[in-house]
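One structure below.
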Amino acid sequence: MSASQPLLEIKGLNAGYGEIEVLHGIDLQMFEGEFVCIIGANTAGKSTILRAISRLVPHVTGTLRFAGNDLSSRASHDIPTLGIAHVPEGRHVFSDMMVEENLMLGAFTARHAKDLSSRMEGIFELFPRLRERRGQLAGTLSGGEQQMVAVGRALMLQPKLLLLDEPSHGLAPKVVEEMHDAFTKIHSRGTSILLVEQNVGLALDVATRGYVLESGRIALQGTSAELNENPAVRAAYLGI
Amino acid sequence: MKRWIAILAVIAIAAVLPLLLSPTGYWIRVLTFTLLFAAMAQVWNIIGGLANQTSLGHAAFFGIGAYTSTILVLKFGISPWIGMFAGGFLGGVAALIIAVPTMRLQGHYFALATLAFGEVMRVIANVWTSLTGGPVGLSVPFVPPSIAAYSFKQLLPHAYIALIALIIVTVIFEAIRRSAMGYRLRAIKENPAAAEVIGIDTTKVKLQTAVISGVLMAMLGTLYAQVAVFFDPDTVFSAASISIRVALIAILGGVGTAIGPILGALFIIPVEELMNDLFSSGAAGLSQLIFGVILIAVILWRPRGFITVFDSLMARFSSKARS
Amino acid sequence: MGGVYAVISIGLTLVYGVMGIVNFAQAEFLMIGMFVSWFAWAYLGLDPVLAAPLSFAVAFGIGWLVQGQLIARVLKAPSVAQIFLTVGLLIVIENGSLLLFGSQFRSVTTSYQIMSLSLGALFISVPYLIAFGMSLACGLALWWFMRTSWFGRAMRATAQNPMAAQLMGIDTALMYKIAFALGVGLTAFGGAVILPYVTVFPGVGGQFVVLMFTVVVLGGLGSVAGAVVGGLAVGVIQALSSLFFPIQLQNLILFIVFIFVLAVRPQGLVGASR
Amino acid sequence: MSKTTSHRGGLSRRSLLAGTASLLASPMIVSSARAQAKPVNIGVIMPLSGANAQFGINSRNGIELVADEINAAGGIKALGGAKINLIVADATSTPTTAGTVAQRLITQNEVTAILGAFASSLTIAISEVTERRDIPLLTMSFADQITGRGFKNIFQIVAKASALGKAQLDYTLAIAQASGAKIDKIAIMYEDTAYGTAQAAGLRAAAKAANIDIAMDDAYPLGITDTTPLINKLRASGAQAVFPVSYLNDSLLLIRTMRQQRITIPAIGGAAGYVIPDFEKGLGEFAENVLSIAPANYDLAPDLTERFRKRFGYFMVHEALEHAVALDVLVQAIEKAKSARAEDVTMALRGAKFTGGWTKAMTGGAVEFDSTGLNTLSVPVMAQWRNKELVTVWPKDVAKGTAVWKS
Amino acid sequence: MTILDVRGISRRFGGLQALSDVTFSVPKGQIVGLIGPNGAGKTTFFSTLVGLIRPDSGSIQLDGTSVVGQKPHKVAALGMTKTFQNVALFAESSVLDNVLTAGLLRHDVETARKEALICLDRVGLKSVAHKLAGNLSFPERARVELARALCTGPKVLLLDEVMAALNPVEMQEIMNLIRSLRDDGITLLVVEHHMRAIMTICDRILVLNFGRLLADGTPEQVANDPVVVEAYLGRSMEAHK
């Protein structure tokens, strides 16, 4: 793949549920190795972009391409085979299954790979707490640990692109920091990341570039530093 | 205004129809049972449609009604008209007894708990031989015909009584739907927590509906007993031919609407009869098989009931009218 | 009996657990399993218990088609539509088999039909014992499959969280097909192993349907472990009630316990997460 | 495929063939025209689906056999050779449906009489319709209520349930006595259906009259899957003979569980599940010597009942036999009345004694209805399984073999 | 005059201490903001106030009457109700019916209908009264939610993120509405993420973190409280300041 070709390319994306359209003409692209965030108020439609990529939204029009593949013709269970892993909002761990099983399921489409145990080992290095809890039912873990399971589960795929939806939601600040450190590490190992985050300060802190979504439209975009200095962003989302 | 004319027209047709049929014949019997089942489905609709609680145990109340009035006739010579209200009272009590433990159950759990309750009543009727005659069943005594004794030589009066019953329960259903209670029930159905927060006593409303539905169902049980003249525990407490069937009628027609159960009954009962007439002698099971296939086809075609056919026809009509 | 109740009910709970559909036609697959086994006995001379895998296979195939062609279409419909689709299926299967196989009661004669093991004053019926053993083996096999195989894991994942399962790359539609086919297959398997002591006829499902629901709901809808607990609980309740009450009342007592348990623990004895 | 000209809805291959045949035989039409009298419609309402379907179908087979024979022999002579046209309908398992079907047959098909409907509850429901419409109803259902309600249009071809229960006990005592055994303690177990409870009541009354101790008297729910508690109780009761009243599945279960527990006391079944071929098929050698009461048995008139076996491949079970007799009696009544009008037929049925034809297969050798409609000549028989056949062993005057009593 | 008095409210969910020893009181006619990071327990707290969640300990007095252990409908009748963050409308009913149903708490159907229209007019949704609630946009739905709560005739109204996803103009309208409700004598507790909005309209702000009341004061006091800034805005905000 040439460097000029974006890894993910979204053009004129409209998406919604039933009669309600949530996204109106979204254009977004990101290149391999980027760490991009989407910020904006609650219900602005941030999650819907990720869900549209994963083909979880019923009504979608517009272009959705990933590494040269047209995503709109794919079934949602095909998406991981392309190398996209999605950590959904609210974690959605398999609560009646052990941590280990949760992680294994992340590699479901790569189940014939020989290196599953070393992949898991890598995740335990990233989140040592999961190693201690490997035999525990995921539903009995704390929120932060569940988030680790959700992220670890996605990493088992060794994805090219990692979609993170509100990973700091409902977590203690300390855990959020740990989490964001982990994201930085994951990014530094070469995984591209698209992060949706309501906590604007944190998002701009870890990502290199960002989009601001307002009522289903891209209102602003730029590098994290630019956005951080933008008075409108500061006023609207940082309360300053 | 137009609506009222349409409704009156339908009632007028329904009122004349029995006169066109032979008063002792077969079709009037089919008509009577169709009307009766429409009324039963309408009563089910109060709890199943308005409160969204899929009861599969309505046979319990139905059977209580049938047994109460018949036992009162047999043992004390009390007119079924009075027995009907006694049955209604007991039906309401039974509804209360089952509603208290099952009220907080949701969906499938509620359905299965009520199903079990119907079975409990069946077993009790089967075992309590001294009162119910046990598995042998009860025959309504053949007394000289009179309105007071609720006894007629022909089926025609029964058809009218069933029609009146259907009109009454439909009016009750519609009155509840439009009343404060109807609004409350819809709120509970769609979001029980929000309903509580805006001041609806969900427990009380659910209990009220359960009791109303139980009372009316038991009263219809008396009507049924008077038409069928003979019944046993397996008939009136039947899960398949009462509980599930009335729910099916309402659902196939369009649950939660006043005409749904009527459409459903007008479809199911005659179709069952027709299938039995056409195919039952040919090969055992064929008529039921075809009935089952039709049922599946209808559900796949219209998972939300026949009423949606009307709705979409109306929509097409009005859009054409506009353009 | 509890063990056998468990196996015929596990299928039902599996279907509910994975898809959230209460399959009223489940007991009809018990009947199908019994018929397959009976034909295998009558025409191939196979012992009904050995024919159980065949019963499983036939029901699995039918279940696959039923799920793919019918039930998949109502997965998003209101739950009442789902219930009544399976009611329609019940009517079709029961009467279809009446047409195909006739109405006779059929039973098999096995060499062990009157054998029993005696433990002092207690006699343990060999056919029951075999049925129990087979049920146990089948239950363990299912447990092993669900625990260790990729498909088993994927199916559990689908049951717990279909959206997340899709994100893992699991084809949930396929999982639904497998789950339904497996569920009815297991019930058919249970049908085959009870054939040595239960006669088969097209309406035999009706004798079991309420019992199956009692087992499953008592244990907790959707929980496989719950079905086992529920099955054993029903067996125990029946046995105990026959000690203290007339045998005639055993179902009455069972249903009253059932309603009571639901009132106290709506999620069943082994509370499933759903 | 049956040869009856029964109503099957639509144009059948048979009627096409018949049409073709009549074209080919056109020269004969004139001469046979007089013989083609209006057929007599007779309603047959049976449970053809549901739990009792097998018995309904057996019954239909018996009726069709007789109808075909009569039609082949020239139909109803008093009506100019009118053919019998059977209108068969499914009562399902619901009394109300049975009643509706009866109404349909009466108004739509103008039937002369109705035969049916095996299960007592169905028969009672039908009788409520036939009584109001004055249509004769002939039945082999044996609930006491059938002729106990003072109905004028009902005819019960066999002895009542209470009589059957009484005979079940009395015959057993007699058989035991004949082989030198004495019984003073018995056990009764029965399914809690109309049939089971009625017959158990008869047994109970007979035991009381004979001063026999009932050590166990238990009803159980229909469709029981584990009879171990019952058999445990039986063992504890110390009974010398057991009287189970049940359909096939429970019959097999009970006998098997008894054998598993090495209980060898004689079991004397209460008809239903004990007198059908499947009982022997299910138990094999363990069916041998099991006794059962029956309202009638095929070995009393083998010349007639063998025709059934030849056509349908199994021995003529009692419900088929009794329904065959019912149709024969009905046709005799029509011959006697020289009319197919329901009232005339009812008149002819009441009070007269019918002999010959299939009636000789009944214990009385004839059929005679009293004012309530009960056939007073019929007494039950005791049959015993011998080498895959049911042999009548009691009462002595009709017995075809000697009872084997082992305890 | 104190209208709402909360003392020592605590609630545990399994291993999580969702609320611990929350104590404060509100005089009649105040607009009180409730802020805190995601998962701080704001929604749980509102649910506890209206009786959807029963606290493990503590007391809640509404206008002098204890409401702890009362069912939500009872609390609503006593005059306190809330809106739902995730918009819990009766989606298959019309907008009018949604609001009307709430009016039934104190009126018959006809009066409730009139009341409902008044409430809808106040939130500016009279024009969509006959649309199905499920067919509205998210911002509109939040306003229906507000109108519905209003129609119960509350003394104390708890608003859970009614301004989410609104544009600045809409937000201004809601802020005006909240002020006018206060002028009508209704006491309001407002959970909101939008800092500017909350700082503008609130008389007083409570900060909740890990179920614990972290601060209680005027907007200025809270904004300048270093503990609040650390907890709520996080380390990174510090860095950017």
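Note that the chains take the letters A, B, C, D and E in the order they are written out, and that residue 1 is the start of every chain.
Keep in mind that, in the parts below, contacts are C-beta pairs under 8 Å (C-beta built on N, C-alpha and C of every residue); 3 or more make two chains touch, one makes a residue touch a chain.
Everything numeric in this text was worked out from a predicted model, so none of it was measured.
Here the chain-to-chain distance from chain C to chain D, counted in touching steps, is 1. The chains that touch chain A as well as chain C do not exist here; no chain meets both.
Here A-E and B-C are compared, and the pair linked by more C-beta contacts is B-C. Between chain B and chain C the centroid-to-centroid distance comes to 31 Å (mean Cα coordinates, whole Å). Centres computed as Cα averages put chain B at a distance of 36 Å from chain D. Separation between the centroids of chain A and chain B, computed from CA atoms only, is 53 Å.
Between the CA-based centres of chain D and chain E the separation comes to 76 Å, rounded to the whole angstrom.
Shared contact sites, meaning residues of chain B that touch two or more other chains, fall at 123, 127, 284-285, 288. Taken residue by residue, chain D touches two or more other chains at 48-49, 53, 56-57, 192, 219, 221, whereas all remaining positions touch fewer.
Pairwise chain contacts present here: A-C, A-E, B-C, B-D, B-E, C-D [touch as defined]. Against chain A, the residues of chain C that register as touching in their complex are 150, 153-154, 156-157, 160-161, 163-172, 273. For chain E in complex with chain B, the residues that touch the partner chain are 50-52, 71-74, 76-77, 81-82, 84, 88-93, 97, 100-102, 104-105, 108-109, 112, 148-149, 151-152.
Those residues of chain A that touch chain C in the shared complex are 54, 56, 75-81, 85-86, 88, 92-97, 101, 104-106, 108-109, 111, 139, 153, 157. Within the complex formed with chain B, the residues of chain D that make contact are 6-10, 48-49, 53, 56-57, 87-90, 92-97, 99-101, 103-104, 106-108, 120-121, 124-125, 128, 131-133, 143, 145, 149, 192-194, 196-198, 219, 221.
Within the complex, the chain C residues that touch chain D are 1, 95, 98, 102-109, 113-116, 123, 125-128, 194, 197-199, 201-203, 206-208, 211, 238-239, 242-243, 246-248, 250-251.
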